[in-house]
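Labels A, B, C, D, E and F are assigned to the chains in the order they are written; within every chain, residues are numbered from 1.
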Amino acid sequence: MPTITVKLFEGRPVEVKKELAEALTRESCRVLGCEPGAVDILFEDVKKSDWATGGVLWSERD
Amino acid sequence: MPTITVKLFEGRPVEVKKELAEALTRESCRVLGCEPGAVDILFEDVKKSDWATGGVLWSERD
Amino acid sequence: MPTITVKLFEGRPVEVKKELAEALTRESCRVLGCEPGAVDILFEDVKKSDWATGGVLWSERD
Amino acid sequence: MPTITVKLFEGRPVEVKKELAEALTRESCRVLGCEPGAVDILFEDVKKSDWATGGVLWSERD
Amino acid sequence: MPTITVKLFEGRPVEVKKELAEALTRESCRVLGCEPGAVDILFEDVKKSDWATGGVLWSERD
Amino acid sequence: MPTITVKLFEGRPVEVKKELAEALTRESCRVLGCEPGAVDILFEDVKKSDWATGGVLWSERD
């Protein structure tokens, strides 16, 4: 606790997720006053063809 | 807002998701009175071997 | 199948959710070619103080 | 109803998911008093490089 | 790991959730071969007016 | 994009969520190189009687 789920477009290298997991955990502990071991981060990659805004898939915009 | 997540069996072509994103966005705006740009649609493909109803995986039924 | 989750700001009357459930189910069946009984819709109300865009809670904007 | 989502590290064979789906459905029906057909189980595989605890990805620990 | 989310109609007493948490944890450990401490169970209560099947809210059926 | 969901025990004041939303958005933009306006944060309060670890509800531990 807390458990943080991050949905982001696929293609990010592991190094970026690693750095983001560290940063989100550090900030969560600072603001909430919890132990790092209590923080879980889950990344969920999303394809641009699986996300639409305004009714248009992001894969149709590029 | 709103954010709509659609879980469906994998295998649907992008054209179907494209049409469904358009339709769900249009109907959401009509009923809720919001702008299309406020609507996000996310599709999540699910394998038949990852979904069970009544304790039986859908991959075991076909 | 499919299972559709709709996150929206709290405060919508049941009549609106009822109409939206009908519309999203109808459109899903039309596009995906499935039976209405296969479609589940879940609404999740979100408080404006529980949603932030650009780092600012929506409750701070009104 | 109920709908049960199980997030687990990827790599489990289908036989394990099959057995787990049976067991979770049986126990849910026993405790909640519902019909097996009312229980949906969804499995979501997670890569070790997509899950961090304490700010460290599980892929960095092995 | 695993993390199990259980969506169920609201109104179940804590004793039922307590028993269900024990049962789902025990079965997950038996099948997956994991420690009980690795299993997280989250219950999410859903109102009958927030769940529709076949385009009809469950609150409209009773 | 990204969309970040934070599940945490209920009871945190809005000021804490406000500060956490700012911090998570800032760090996400720094690491991912995105605009603040692209970041959505959703908080989901969880009761201690709705979360179990090791088969025991957190409400039974205090």
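What we mean here is this: contacts are C-beta pairs under 8 Å (C-beta built on N, C-alpha and C of every residue); 3 or more make two chains touch, one makes a residue touch a chain.
Chain labels with UniProt names: A, B, C, D, E, F = 4-oxalocrotonate tautomerase.
Predicted model only: the values in this text are computed from it and were never measured.
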item: Partner chains that chain A (4-oxalocrotonate tautomerase) and chain E (4-oxalocrotonate tautomerase) have in common; value: D, F
item: Equivalent of B-C within the choices C-F, E-F or D-E, defined by over half of its residue contact pairs recurring; value: D-E
item: Chain C (4-oxalocrotonate tautomerase) onto chain D (4-oxalocrotonate tautomerase), rotation angle from CA fit, given as a multiple of 5 degrees; value: 180
item: Chain B (4-oxalocrotonate tautomerase)-chain E (4-oxalocrotonate tautomerase) separation of Cα centroids, rounded to whole Å; value: 22
item: Approximate Å spacing (C-alpha centroids) for the pair chain A (4-oxalocrotonate tautomerase), chain F (4-oxalocrotonate tautomerase); value: 12
item: Shared-contact residues (touching 2 or more other chains) in chain B (4-oxalocrotonate tautomerase); value: 3, 7, 40, 46, 51
item: Partner chain A (4-oxalocrotonate tautomerase), residues of chain F (4-oxalocrotonate tautomerase) touching it in the complex; value: 1-9, 12, 16, 19-20, 23-24, 27-28, 30-32, 46, 51
item: Touch list for chain E (4-oxalocrotonate tautomerase) against partner chain C (4-oxalocrotonate tautomerase), complex; value: 7, 46, 49-57, 59-60
item: Residue numbers on chain B (4-oxalocrotonate tautomerase) that touch chain A (4-oxalocrotonate tautomerase), as the complex places them; value: 14, 17-18, 21-22, 25-26, 36-37, 39-45
